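In what comes next, chain A is part of two complexes: it sits with chain B in the first one and with chain C in the second one.
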Partner chain A sequence: MAVTFATTSGTTCLICDTPNPSEAQSCKECSAPLAIVRDALAQDRDPNLVSIMGDSNVGKTVYLGFLLDMLSQRAHNFEAVPKGAYSVDLAQIVISHMAHRMFPPKTAIEMDEWCWAYYQVCRRGRASKIIDLVMPDIAGEAVAAELESPATFRIIQNLLGRSSGTLLLVDAALAANGSAQPDFFALKMLSYIDSMFTTKKRRKIELPVAVVFTKADYCPTCFDDPRSFAQANLNRLWNMCDSRFACVEFFACSVIGSLGYCGGENDDVVTSIPLHTALNGVLEPFEWIVDQL
Partner chain B sequence: MDCGSTVATSPDATNVVHTSQAIFTSIPSPISRGYRLVACGADLSAQEKREITQRSPSHGNLLAVEPGGFGLLSYSLSSGRQCVGLTRPAGAEHTARGGSRVHTHMAILSPSDFLRFHCDPCRVIDALRTAVGDEPLLKPLARLPIIELHAVVPTADAPAEIIEAARRLLAALFVRTTRLAVVGIADSFAALRLLMSGAPLALRRRLSLSSGIRLSQARKFDLVFAGSERVSAERAADKREIKLFDCGSEAPSAATPFDRWVAFCKRRWMDGRTAALDRLSVRLDQEPRGDPLSRIASLCDDLDAVASASAAQLAERLRRHRDEPASMPVHADLLREFRVAAESRRSALEGENVEDAPRPAVGGDR
Partner chain C sequence: MALNLFSRKRATRPAASGMGRGAGYVPAGETALPDDPLKRALQQGRLGLLLHVPDDAADPRQSEAMRRRAAQQFDERFGMVPEGLASITTSVQDQPGAPEVDHEIEAFLLARHAVTNEDYQFFVDDGGYDQLELWPEDIWPHLVGFKDHSGAAGPRFWRKGRHDKRLARHPVVGVNYYEAAAYSEWAGLCLPTSPQWQMAASWRVRSEAAADRRYPWGDALDLERCNIWAAGHARTLPVNACPSGAAPNGVLQLIGNVWEWTRSDFDCVDDQGRRVIGEMPMKCIRGGAFDTYFPWQAVSAFQSGLTLLTRAHNVGFRCASNIVDEC
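Moving on, here comes the complex of A and B:
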């Protein structure tokens, strides 16, 4: 990954390399908070960028919010320190909404409304190295638009190009229900990554990819054996991973314990209400990614 | 497609325009969901679709979500065509997580078609609202047909505070070096309508703008009417090299070479002569410069006054414009018109046998 810069004349964005005025708060091109650059520079080591990709409504915001909150609460012996108040925003939004039995609002397609998190993560009680993790909460629509027509949201390409690892979220409930949409989306995503990292013939992509089946509480078999679940329900994705990716692992995850549904008499929109949370498999994919770094 | 060509047609050659259209919103389809370009005309290029996707608003970005509320956006695409969009609320978003669904219906106009609307996005929006009706289209269609838009001359009476806001804004637009985020205007569409009528054509053509849509860095518009949300606009403006322009409290700016033109526009708006001002401004197709605009404003004022001028006043006005060089064709036309009017007035004064009045020399020494 490229080293970040803060020059005397300004600050160069970590994500897109755009020069910005030294007093700027966010990048004028991609809206990434420039505090990340300044904080990273102070650490004197390259930060590791972990990107979280997935289709719209797959659960990226909820997953990332709970993941960051668990890290802050020292789950699995992790110690995570948010670098800057902006890093806490996403976890706060997700946890606060869930506490009020609401899903957080959709992430807007406008880049300047995305939440970014920058955490220093290490294992407690071990002589492990400290990892600087940068994780943006990207809108699924932006990912879809970029896959549909590359360079629509150049930030996606820049993020993936600089990522040390990727969490690819796939809607297990939809896949188990027979929908081909999650399989095709994941296939597109991996194909996009494959075309980005042009390698020699027969050489596989080294980027660690954790395929995370979200909403897995709808299909408990997914928890028993995520690999078999992928092979059976998302065969296109499975084959792509097998052919082109050297470092892939499959995980099942769920966040919601039970759901209620609400709809007005004259309202054709049904609102899902998260009645309680029951975290399962949230940290494991991240742990695996960290082990690969 | 007429991209980047020099427009040779007269602005009012016809009032019917057939143009391409596109819709950006969030509706589910068998292969896609979420905000995207759900339908568009067959002639839109991949690059145009990309640019439209980058600049279209998604949920939470329309400021007026009550029924009847709307926003607009206007910008030129790299192909040379102009995208003018009407943004409206369209019920609840199907996932129930996106709040009110934001629906943007866009007309994609060639430069010559945009000129038929005097390069005024407000006129395009008027036509688009009539053409597409009150109910936003919420079906995923493979292709949208060519749409027929009728360019009509709008009425633009506005209260004094809107006129004053438009005056300040026009002055700021001429000398701006950064993007402007405008807050503190009660009716931004009315202010924009006035503003456009006073903006020379060259300025209108290159101005990208939005009204009634939240300020977003991603859209990169030159002029954003950010509603009454001063705090959020201030935060965004502070961070992103965007100047916040509060029409309610903006301090008077220093004198600029454009002051005379701006004052002239204000008088026209106050007199209810916005349409006439618009017809004049749309002929100002050169890069705006203070001196020629001041001369044209002065000439228009004198042209108004000449019909009732005394012999002495007529002489003074004629002296003022005697050797005035024409900076552009419309200036030459106005000078010609002025000299004809002055000649006519002189004849009238002679007819009245005003013997003591000095005899002015019409048209200089010629």
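Moving on, here comes the complex of A and C:
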């Protein structure tokens, strides 16, 4: 992926290549923080973009927040250093909410509300292989809108086009309950990626895709064998992966050990309460993506 | 359908508990038990039954000898929790100043270790899942679902009714509340209540100080003394691990390793006074586990709830007994 570095006349956005004034903090086109460009320039290394895609309410924010916090705590022999204070915002929001038994607020559809994280990651003892990762927390509604009407959120296209790997989050609880929505969304997402990367020779797409079944605590068999779970419950996704993607792996993850609910008889809204955490399978998809880079 | 979904490097997932799933399964062998029912019960660890065994008219001395041996094993395997006080919050948010209910706790006995796979094997081998008197009648239709990986009666992660012998001394997991309760009853014991559990972990004995401990060993988190996420093990440990984390009475691993079922209902409200419920009734679980990410969820006073039929990879149990008589 080519990185556009800052020039004397301004800063070119890493995501959409829009020229911006040198003093600008965020891109005027896609609202991506320009600090990413400046940090990349300082490292003199091309950052790798890892996109996390998924439908609304699948758990992208919670997943990414925990992932970043775990990396900061050197889980699984990773050493991860956030570049810039903005990179810590997402983890702080997620952890502070979950610690008080609350889910973080829904990610706003407005691009300037999205959290971006830029981390420098390496395996402990292998400082020679340092990877710079940029991971934005994207609103599921924006993803859905882009799939329905391409170019509605051009940043999604730009992100995927520049991605070195993609985590596709799918709601295992919904799929296990018989809903076809996760399967159709995943099919649309993969078709969208296919249309971006397809070549005349119709070779399989090499972009590494980690399919991550979230909320898998609701369906323990998903942990036992995510591939079989995909084949049994998300056959459209499974077939699409088989046909068009050369580098796919399936994972299951959950962060909640137990879920409670409250809402009175007169309430329209039932509030979900994460009673305690039980992290399972959060790092493995990320580890796999890093190994593919 | 042939698939060529070959990734460049295959992902490996951590074990649900103990050994990796791909590391092979070594089934535990069968243990020879004595024919004599009293000796057999002693070896099976059914101590609660033996304490109340009536005198055998033919050989009263043997009955007395069995009771003495059971009492001796009680001393070895149980620690006495003194009388005291447990303040249980009723708010799910558990903020400072949240309303609490005080529970007076009488002295009782608590197992020094969580029930292990080895312990639970005796229950399975004795046909515990077929002894309907151990199970509530409304659960009988669900018993068919209490199967292991291979479809035999047993905890969720076992195979063919046998535990992995490399995990013999690890806490048994993959058991729901009813399985924990049935084992306890089979052993002549019971599950602790949530206030009893908290009393054992916080050691809030009656004294002028009236202090309670954040952890069984004191007030400071020490990752050498407990197995939670930050300790980095990512799996269960044997029940005698982390000996420095013991409570004053020698009870181990109240904090970390596995969550523990209690027999108390999970009864909390949110900050608007609305009751917190699950998809089905929940019981309190305590202590945190190897994958508990937030250290403050693995303290003496923290309680969570779990639906009764959940057979989680990180939930086990330990037994209790009243000092005087039945539970």
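What we mean here is this: the second predicted complex is superposed on the first by the 288 of 293 C-alpha atoms of A that agree within 3 Å, B and C clash if a C-alpha of one lies under 4 Å from a C-alpha of the other, contacts with A are read in each partner's own complex, and residues count from 1 in each chain.
Keep this in mind: a contact is a pair of C-beta atoms (placed from the backbone, for glycine too) under 8 Å apart; a residue touches a chain by one contact, two chains touch by 3 or more.
Everything numeric here is computed off the predicted structure, so don't read it as measured data.
Considered on the superposed chain A, chain B and chain C are sterically compatible, since they fit side by side.
Using the contact criterion defined above for the overlaid structures, shared-chain residue A:S191 touches neither chain B nor chain C, since it reaches no partner.
Shared-chain residue A:S26: touches chain B; no touch with chain C.
A count of residues in chain A touched by chain B and by chain C gives the higher number to C.
In the superposition on chain A, contact of A:Q92 is made with neither chain B nor chain C.
Contacts of A:F103 after superposition on the shared chain: chain B is touched, whereas chain C is not. Once chain A of one complex is fitted onto chain A of the other, the partner contacts of A:T271 extend to both chain B and chain C. Within the superposed three-chain model, A:T18 lies out of touch with both chain B and chain C [touch as defined at top]. In the overlay built on the shared chain, the residue A:V248 is in contact with chain C alone; chain B does not reach it.
Taking the two complexes aligned on chain A, the least Cα distance separating chain B from chain C is 14 Å. Taken together, the two structures place residues 267, 271 of chain A in contact with chain B in one case and with chain C in the other. Residues 1, 3-14, 16, 92-95, 149, 156, 229-230, 259, 266, 268-270, 272, 274-279, 282, 285, 288-289, 291-294, 296-297, 302, 304-307, 310-314 of chain C are the ones touching chain A in the complex.
Partner chain B is touched in their complex by these residues of chain A: 21, 24-26, 28, 31, 55-57, 103-106, 108-113, 139-141, 144-145, 148-149, 151-153, 181, 184, 267, 269-272. For chain A in complex with chain C, the residues that touch the partner chain are 66, 73, 98-101, 208, 217, 220, 223-224, 227, 241-242, 245-249, 251-252, 255, 257-264, 267, 271, 273, 275-281, 284-285, 287-288, 291-292. Chain B contributes residues 26, 31-36, 46, 49-50, 53-54, 56-61, 91-99, 216-219, 236, 238-241 to its touches with chain A in the complex.
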